[in-house]
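Chain naming follows the written order as A, B, C and D, and within any one chain the residues start at number 1.
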Amino acid sequence: MAKKQINVALIGFQFMGKAHSNAYRQVGHFFDLPVEPVMKVLVGRSEHKVKAAAENLGWQEHATSWEEVIQRNDIDLVDIGTPNDSHALISQAALKAGKHVLCEKPLAISVADAKASYDVAKQTGLVNGICHNYRKAPAIALAAQMVRDGKLGAIRHFRGTYLQDWILDPSVPLVWRLDKTIAGSGSHGDLNAHLIDTARFVMGAEFTEVIGLAETVIKKRPLLADTDGGLSGFKSSGEMGDVTVDDVTSFLARFNNGATATFEATRLAPGRKNYNRWEINGEKGSIAFNLERMNEIEIYLTDDPQGLQGFHTIQATENFMPYMEGYWPVAHIIGYEHTFINMMSDLFQAIGKGEQFSPDFEDGLKNQAVLEAVDKSVQSRQWERPLF
Amino acid sequence: MAKKQINVALIGFQFMGKAHSNAYRQVGHFFDLPVEPVMKVLVGRSEHKVKAAAENLGWQEHATSWEEVIQRNDIDLVDIGTPNDSHALISQAALKAGKHVLCEKPLAISVADAKASYDVAKQTGLVNGICHNYRKAPAIALAAQMVRDGKLGAIRHFRGTYLQDWILDPSVPLVWRLDKTIAGSGSHGDLNAHLIDTARFVMGAEFTEVIGLAETVIKKRPLLADTDGGLSGFKSSGEMGDVTVDDVTSFLARFNNGATATFEATRLAPGRKNYNRWEINGEKGSIAFNLERMNEIEIYLTDDPQGLQGFHTIQATENFMPYMEGYWPVAHIIGYEHTFINMMSDLFQAIGKGEQFSPDFEDGLKNQAVLEAVDKSVQSRQWERPLF
Amino acid sequence: MAKKQINVALIGFQFMGKAHSNAYRQVGHFFDLPVEPVMKVLVGRSEHKVKAAAENLGWQEHATSWEEVIQRNDIDLVDIGTPNDSHALISQAALKAGKHVLCEKPLAISVADAKASYDVAKQTGLVNGICHNYRKAPAIALAAQMVRDGKLGAIRHFRGTYLQDWILDPSVPLVWRLDKTIAGSGSHGDLNAHLIDTARFVMGAEFTEVIGLAETVIKKRPLLADTDGGLSGFKSSGEMGDVTVDDVTSFLARFNNGATATFEATRLAPGRKNYNRWEINGEKGSIAFNLERMNEIEIYLTDDPQGLQGFHTIQATENFMPYMEGYWPVAHIIGYEHTFINMMSDLFQAIGKGEQFSPDFEDGLKNQAVLEAVDKSVQSRQWERPLF
Amino acid sequence: MAKKQINVALIGFQFMGKAHSNAYRQVGHFFDLPVEPVMKVLVGRSEHKVKAAAENLGWQEHATSWEEVIQRNDIDLVDIGTPNDSHALISQAALKAGKHVLCEKPLAISVADAKASYDVAKQTGLVNGICHNYRKAPAIALAAQMVRDGKLGAIRHFRGTYLQDWILDPSVPLVWRLDKTIAGSGSHGDLNAHLIDTARFVMGAEFTEVIGLAETVIKKRPLLADTDGGLSGFKSSGEMGDVTVDDVTSFLARFNNGATATFEATRLAPGRKNYNRWEINGEKGSIAFNLERMNEIEIYLTDDPQGLQGFHTIQATENFMPYMEGYWPVAHIIGYEHTFINMMSDLFQAIGKGEQFSPDFEDGLKNQAVLEAVDKSVQSRQWERPLF
């Protein structure tokens, strides 16, 4: 018997659009899904660009009006990969139109908007997912599982840094990610959001209070002639504009499991390209991870015999590990894009089985609440609690 | 104007069949090809298995007779991913039938057979490729380019080890890779073949003489009930059979550029999962690589300023690097499978432009000649020259 | 002509006493000093213990009264390696007695006391040193030099963690380092003090404000029967006492060069044995260091040619590097103890040439002011400025 | 009761002389010895140089005639740190004069001479040691112990490389280490000798056959004006002379425990400063070591639980590990020089207890036999057995 088809509409075709498209193309080849994903329609504002993208990325159709597409009867799942400021609007409209929704992070650019999306999601009972794809890296899923299983005992510390250097050069222009009205925030929303999700996921705990600092180091940058906002092909028009987001945001945090934590996100760390590095310390062991070496995980356990205690560098590619059964032999590594493929597998499992996907809008809301509490603490210069 | 379609027939659907299929599916999404690959037909001996595989891997059709398929007028390219002993036969037949051929390594299980394939290829003038996919890892392509550009000066040393541990457990049964009549050799043909190709490719030099040792450490293993020969799902029938290939082969070598070298391949190195690690030392610098961290390359240059001399750990994922333009931002890593995607890009470039693909059957022949010279030296206990 | 002799009195013979004694024994054999150090007298409270220690560590004499020793005419330099609460008292008395002073960190257990010591030092004009020995690790001295020379441009970030796990086991008893009245603080004064000094030294900048969190995770520990307070040979008496210092202290900071920073010290990080790891990011490059691999330093420079940009792993043991001329050939590594030997070389250079040693009591005072501002911020839950 | 004094005469005061002197000065401060070493007399050819060295290195006396010194009644132990060609002569003379002998490697520059020294040593029954100091690195001692205890099961492979780059520059002059008549051989005797000893020590097995290649890449170098032969302060006189030793020697080997092995020593590997790296693979695990990070050891064990299998990076500085009890807390690392201090501890234990020191002249002889068999195989181009 043929599997039920799930028709997907993807809105947005830049970096995330490309990563999601790839995942839709690939997921059925590596995972045994209860339903069959169909790449129905790709949506973008520019007719000729979205047409070319749809062809290149493997979509059956293209369209320019997301408002129309989400109303189509033949669409089951709406995937939102647009710039941040439109996430809440599209999410809510799509849910109200009865579609399952997968929304790129952040859920919204304010807690109020995120809360509204969450409320809609809750009422509809549809699958509502937020794209924290790094949860789907096998190494991170493995870490979360170990903590859940008590292998590390009570967790005392989490420390995370997400360091990049792609805007180090002051001639990098004012792309949308540097514009607060569109992006919401800078390295904080872009990078700390990942760390916040990882901390919540791996520890299974919630933030109770935070205090942070933020800084815009390079205060003016060339205006973009082209308003596409792509991550590459920067072209400057000569005029300068104000950078309205943070280059760096660091913060301290406490969690409801008693753990203390430090976080830092910056895009001005020369040589750190995608250095999402975190470590947790528990009563009985530690786990460390670096996204630049995402197929490895380092684990230390106090119950190793004396003389053998040391961090184990584990190839997180054994086929008994999360998500790895259908790929390649051990240490024949997977890449960044596979975190999205794994995510889509979970998504279609959820849709097929009528279950909820994790992380969901509640996770998106809680993440946003932490981001906003940090922002607030930067202003108030005091500790703040995440509120929603 | 639509691109010319190139219809592909793939013979074999185990590990390599899966990797090649994935590459055919993906190559057009990441590279701008002069032709359009069409996944026409997948060929295998078992009707029901090949049918399921074709469906899962994305092939339009399936078939059980490679002899018939290579004669079809609508097939342009034959890709051979069967066990080693059939490579020569199928290659030659496909070339004679006027098809371009991509052959999994080794080209044959003897130099004589490899020479015959090479001779046929030379006469036909068709594209004839041998699958040394690691040449297509960006880091390795980069290394070869640096040597060609003279950045390291004259090369003095190459040292390569390819270590795995997947047959460490004596209960691993007699899969085809452990049967000399099918596989030709063990770790030598499987793993040293990669190192031999890398040494030739990166240095742009040829072996002049070799001497080796070989050992079958675990001499008997359980016979397989199931003759599929898959890499996983080992099931033992209770009876034991003789392992007829080497567990380890090491050798010394000299090259026509004056370099000396050491090589070692073993599948009995606990903890080494896919440890294809090599290093070259030249007059002016060194380069080191480890396949388990295939997105990195380590480079040392003597013309770095005093006090700054040290191995540079370079993320080999910058989009100006070989093959990387169409993938992801720097340090958003690619995986093992992408070496095949890159290879297919080169292949369709060659087919589209009427050029030869590299590495070709000459490379396959020379590789086989080195492998066989080592084998001969193991018997003769003397230095031997690669002959073909 | 014989060199002038400098007679040393060392007070304290535990861990630091041993490290300092070793340095006095060795410094003249590796460095060409303008004066000759003489290991005159070792001082401790317990007659029989100090006698044995003096013999073992190479001191000519032993004594039990530091008050008497600092008054001796034949003593030129007083080195203070006692528990923290006595540092200020002995420093001031020794300076007033006209002796040069080298004081183990911290300068005092309060800013007020540290200020008093600093004031006395300033009045006397004698050499007054504070033992931040890690400044004397060649790799760290090299880093500071590079920053001073502008190789990294303006510094934007410092991030430091000092992680250990030696009190992870709750059965580790209440040694003096866990008693606030003697130690002043826990991981904060013990470990963050090192990071604070390194940040000031490497960046050549001062802290302007800080905010921190602190936690005593393991609140009760066995009382020590033996009050020696040694780091090893823990013996429990059965009764429990309160831990009065922090297990972890983390804080955010801003500097007068515009840099932002994060700091974390904990002694509850399983597997981290002496993980004093820090990184700085500047306009033009980054430097990273890990004390567990103290003979290496990692440097990234944006002016490396395209394709060669990556962290250089540099053996910080070349003999043109700071302190390395008199030791061993490159990569014949030095150890922890050599940081003290290097420090003593600087100290006797200063004494011999009538110059000031660095770091001096001003550095000790500023360090203490940062530590105390962090403590205050933990109480006030607000940003605080270091005051003295 | 005072300990018995052991008066030492050290012959030679270059690099090894300095390392040995340091060890004599330090050993009593870190180890509890059954006897008391006394640094009696330092011997060298040049009166003024040996006088200065004796003073600097801490010797009571100096002398210029080793022949006279070894006859002195007040000398108990003769330590030989001269260039290689004099080792056999002095060793035999000292033993015949009734002195314990510690001889720098190699025991001689031919097997015949080494055999003669061994025979003398055997007859006299005195302590006769050969300085393979790396056996005394805690990590290596630990590895040997694990193999002895069966933790790795039967050993299948050893692979060792010892790579340096100090003579990469063709302007490095003809120091004694590049002169066959004095040094015996080049990288082979200097570096492979260490690997050979490590293989024998760690595996507890003997070489049965070898085959090698050797090459002198840089065939002429500037003659030294100054004949001191020091490792630093190269000064060229303008004239060129022939390099008579190998720059690189690689070889394959088989052992009497069934293991196969590869070895490579070169001093032309840019960026490798002291890269003595080896790995062993056994039935049940692997151990890897790199001298540039000599305080760490990497261990993989197949009996780790599924999901936790990976190389453990172990700080080989725990105070329950070999030699570490008397040094510093864990991860407060030791350096190159401590391998000599540890060696002297073993030596004085042996002398004090009337036992034999290990490695002894038999180890030196066997080492020399392997070196020579490799040399012979380079000439004969055939496998050779170590003979003595």
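Everything below uses one rule, namely that a residue touches a chain if its C-beta (ideal position, glycine included) is under 8 Å from a C-beta of that chain, and two chains touch if they have at least 3 such contacts.
From a predicted model like this one, the values you see are computed outputs, not experimental measurements.
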item	value
Label of the chain whose CA centroid is most distant from the centroid of chain A	D
Intercentroid distance (Cα basis), chain D paired with chain A, Å	54
Averaged-CA centre spacing for the pair chain D and chain C, given as whole angstrom	35
Whole-Å gap separating chain A and chain C, where each centre is the average of the chain's CA atoms	41
Residues within chain A bordering two or more other chains	301, 309-311, 315
Contact graph of the chains (line, ring, star, complete, other)	complete
Touching residues (chain side chain C, partner chain A) in the complex	156-157, 159, 161, 163, 168, 211-213, 215, 217, 247-248, 250-252, 254, 258, 260-262, 264, 266, 268-272, 279, 281-286, 300-302, 309-311, 381-383
Residue ranges of chain D in contact with chain C within the complex	15, 19, 21-22, 25-26, 29, 56-58, 166, 231-232, 273-275, 291-295, 315, 317, 319, 328-338
In the complex with chain A, residue positions of chain D that touch it	142, 298-299, 301, 304, 306-315, 318, 320-321
